[in-house]
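One structure is given below, encoded as structure tokens.
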Amino acid sequence: MAKIVSLSEAVAELVHDGDTAALEGFTHLIPFAAGHEIIRQGRRELTLVRMTPDLIYDQLIGAGCASKLVFSWGGNPGVGSLHRLRDALGNGWPAPLEIEEHSHAGMANRYVAGASGLPFAVLRGYAGTDLPLHTPTISTVTCPFTGEELAAVAALNPDVTIVHAQRADRAGNVQLWGITGVQKEAVLAAKRSLVTVEEIVDELTPVPGAVVLPSWAVTAVAEVPGGAAPSYAHGYYDRDNAAYRAWDTISRDRQAFTGWLRELGVQR
Amino acid sequence: MAKIVSLSEAVAELVHDGDTAALEGFTHLIPFAAGHEIIRQGRRELTLVRMTPDLIYDQLIGAGCASKLVFSWGGNPGVGSLHRLRDALGNGWPAPLEIEEHSHAGMANRYVAGASGLPFAVLRGYAGTDLPLHTPTISTVTCPFTGEELAAVAALNPDVTIVHAQRADRAGNVQLWGITGVQKEAVLAAKRSLVTVEEIVDELTPVPGAVVLPSWAVTAVAEVPGGAAPSYAHGYYDRDNAAYRAWDTISRDRQAFTGWLRELGVQR
Amino acid sequence: MGAAASSPDYTADEMMSIAAARSLRDGQVCFVGIGLPSTAANLARRLHAPGLVLVYESGTLDTRPAELPLSIGDGILTDSALTVVSVPEVFNYWLQPGRIDVGFLSGAQLDRFGNINTTVIGEYTEPDVRLPGSGGAPEIAASCREVSIVMRHRLRAFVEQVDFVTSVGYGTGPLDRRMLGLRGAGPVRVITDLGVLEPDPETSELVLTALHPGIAVEQVRAETGWDLEVSPDLMVTAAPSARELETLRGMRTVGSHPDDRNPDRTTEGATE
Amino acid sequence: MGAAASSPDYTADEMMSIAAARSLRDGQVCFVGIGLPSTAANLARRLHAPGLVLVYESGTLDTRPAELPLSIGDGILTDSALTVVSVPEVFNYWLQPGRIDVGFLSGAQLDRFGNINTTVIGEYTEPDVRLPGSGGAPEIAASCREVSIVMRHRLRAFVEQVDFVTSVGYGTGPLDRRMLGLRGAGPVRVITDLGVLEPDPETSELVLTALHPGIAVEQVRAETGWDLEVSPDLMVTAAPSARELETLRGMRTVGSHPDDRNPDRTTEGATE
């Protein structure tokens, strides 16, 4: 059964230096508040896993929390590049960053395999691309019935997955809706999981298109209203597109970024 | 885009002698009316695919429509055995019946592979059981990352899949809810598909837990109110448990069964 | 035969259901087949385990039916479920990775190593009796953290070796599960209408560890097709309490009918 | 440079979006990346293809946004979708089996065989420019029945050979797709702000098949890094109609802002 705890307790207990951590949410419901708490608590040497690194990983990388990034598309959606990511990759600032690069289909299937208790997943992918030359978690398998060769990707089983959802009930059952991305798979693939929610309610009224994560499949739930901003929480608040644009300016410059970190409450 | 047609037209056009046909629905939403229409139109030599053959396949088999059954659990749920199935297997009446037998997990994954355009699926299954000795669509694959051996099952791609749903709109988009079983996968795995629905409506109001099949993924839709009886359609009518019990008596006896066929409008 | 003669207050089947219910602990996640397992799990939920989480292979997660379902896919399971997932999902995301604490199984035949047959009696190609088949059982047996087997204790069912291995218990001995890559612990108890069998920790062979009240060891051995060993710590099951019996008898099956008094007619098939 | 000088009524980018929109037929199912593809597809839906089915990789199926989304996962896509599925499902059940008629892609580099690079300029381990990466593009390129590429025609982008193959066009020639097991037809057209390239049926090399109004062949060749062949049947694109321009200019991006006038700033990444 999921424990209901504060965000700082949850991060202190569930996210350790050196962990493989996945913060998921496909544009929608990105767990920004949890990411910021990881920065504040000064975690180091994380392997950060996420299909679309987005601002949240640009911030974690810039803050020096990560030593490796596993991803499939690293940009500021609708705006441009992730400058902290580029600075880490190109100049090792503030720390060198290793990468493991996949396609979306590959990453999604890695989570599916992880959630399914399988060591790998099969897909039609990567054939003819240069990705397998650089990514050891891409291989091939042969169909035992047809002899056809297909792509195989290694399962992802993060030490900890963090997602944001609209609601949980007092028993810790979680409900999210709108674009639900790979959140279910990312939570089920992980050894430990934290779900931050907009609100904790007495009862989870059914919602069309909702994904429900039973309490017994989640480690901890923390109530964090606004915890997905500047991304959005369908039915609660909209995406703050201006903040995404403003990040382009902040993140281009190390000094501006350090100022942003200071505002977050981080001294460096 | 799905065509909206009558049930008899749909069966005439989409189900051919010798086809591999899947009529799916896990206890709920079993497409009985479509099955009866196949009996009436006298199809022969079908390979019938279904996780839980249930009464509908007992009827099709007894009527002589099938030459092969692909399945994972063949009983009258909550009542007992399928006597027409047993008579076909044991005595070749009215025709010999070949079987291809799986577990539920295997069958479900065969549909998943079929829906995904993959030739096979991987699962933890069958190890140590006697099923692989008799079922050639069960094999093994080795994980290219860990060396672990896992079960592999061949994809199912029926010539035609038939399911029943609560509603469709006039464009042929389909909506079903409650226990949704493997219906989505069975439809997506098939070359052609027919969905019978309780009603055709102007607009598909969203329903919690609903699966929506877009019109462009369905071949034909036929309005058949009550088309799942004596199984049930969540929100429309309940399961007729008495009919399931009564079938035990009818199906035990070839003569009683032939009388039932006659009532269905079949002369033999 | 069985307990009914010496215990006029309850039937042997009732003792079996109650013993099965008692084996479940509050908060466990239980994968439930129809018939006896469903009766036992729903009974436990009404007695000592209100937080028992029931998962049915139809995809209904954490369901709390007010009445007993007649089949694994009854509407009553949907209405009371926390959520309903697809059948591929229930097997791939919920059962396969080992998220289920207890799987309940039954069968037409059970052997000394806890292997279950729900496929055929006799040869596969020319069977004496064709049974329903596997359903979800092989993977329930493989993947649940532990398995409980509930079935009536009859000589024709408790056999030296099953005619067909539908679901693996311990295979041919204590090393097989690991060699086969099965990650759950396997069958940790067999609850019958006569008593309870458990695997010997050394050999994995099922031995008699408890008798229901009024049942003699010889009665059990007479209904067992192998030379059944008896645990030195043989227990006697507590008789059903008034509350247990009352609760069990008060559970009504959906759309009920005089025939529904025995909700276990389908025990020959492990699950649907 | 480009068309703007000779055609004061519209920009070269507008011509490109309109040409891309025209390439879509009513009733097609289209896998849409953000930026130019999303603009073109939504424009087509408002013009001649009201029944165009848009699928975004965020899992929104058959979505009809009233405004243009800024990102691939905007709420506006959910609100107007027939249904929303998970990201694994959109790739596995919808893209992979070949259910999508047209995939729209863009890139930082495109080569003579239609291969696309959205990963790095330079060496992978020591890149000159690190680009966003693959996103959904490799499998879109592999599995859609056909692919349309939309990108600005610049010498640095239209190269002899891409530095990194993120998404396969025709590989090294006409036999590669079959040998690689790719089931879609590959890129059937490249729509730029100068004209249209299509693969030669024999060699699969991209050749110039249409010029936008006011553009000269030499202009295109000057912006192409290989010895661009010109089709003997070279066409001239029809200039944008008033209705096309008006509709394009009337499309507003969600939460719009002066910067949103160019909804294609992210064309360096094929999709998110």
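Letters are used for the chains, namely A, B, C and D, taken in the order the chains are written, and counting of residues starts over at 1 for each.
As a convention for this text, a residue touches a chain if its C-beta (ideal position, glycine included) is under 8 Å from a C-beta of that chain, and two chains touch if they have at least 3 such contacts.
Computed from a predicted model, the values in this text were never measured in an experiment.
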| item | value |
| --- | --- |
| Set of chains whose contacts include both chain D and chain B | A |
| Chain located farthest away, centre of chain C as origin (C-alpha) | D |
| Chain B and chain C, separation of their C-alpha mean positions in angstrom | 28 |
| Inter-chain centre distance, chain C versus chain D - centres from mean C-alpha coordinates, in Å | 58 |
| Mean-CA-position distance for chain C and chain A (Å) | 41 |
| Numbers and ranges of chain D residues touching at least 2 other chains | 83, 92, 96, 143, 183 |
| Residues of chain A whose C-beta touches two or more other chains | 117-118, 123-124, 148, 150, 184-185, 209 |
| Each pair of chains that touches, named by its two labels | A-B, A-C, A-D, B-C, B-D |
| Residues of chain B that touch chain D when the two form their complex | 1, 115-118, 173, 184-185, 188, 204, 211-212, 214, 216-217 |
| Complex contact set, residues of chain D against chain B | 27, 29, 51, 53, 61-62, 82-83, 92-93, 96-99, 143, 183 |
| Parts of chain B lying in touch with chain C, wherever the complex brings them together | 26-28, 51-52, 71-75, 77-81, 85-86, 89-90, 101-105, 108-109, 111-112, 123-131, 133-134, 148-150, 178-182, 184-185, 209, 211, 232, 234, 238-239, 241-242, 244-245 |
| Chain A contact footprint on chain B (complex, rising order) | 117-124, 137, 139-146, 148, 150, 152, 154, 206-210 |
| Chain C residues touching chain B - in the complex, by the definition given at the top | 34-35, 57-60, 70-75, 77-78, 83-84, 86-88, 91-92, 95-96, 119, 124-125, 127, 130, 132-139, 142-143, 164-168, 171, 176-177, 180-183, 254-255, 257, 259, 265-266, 269, 271-272 |
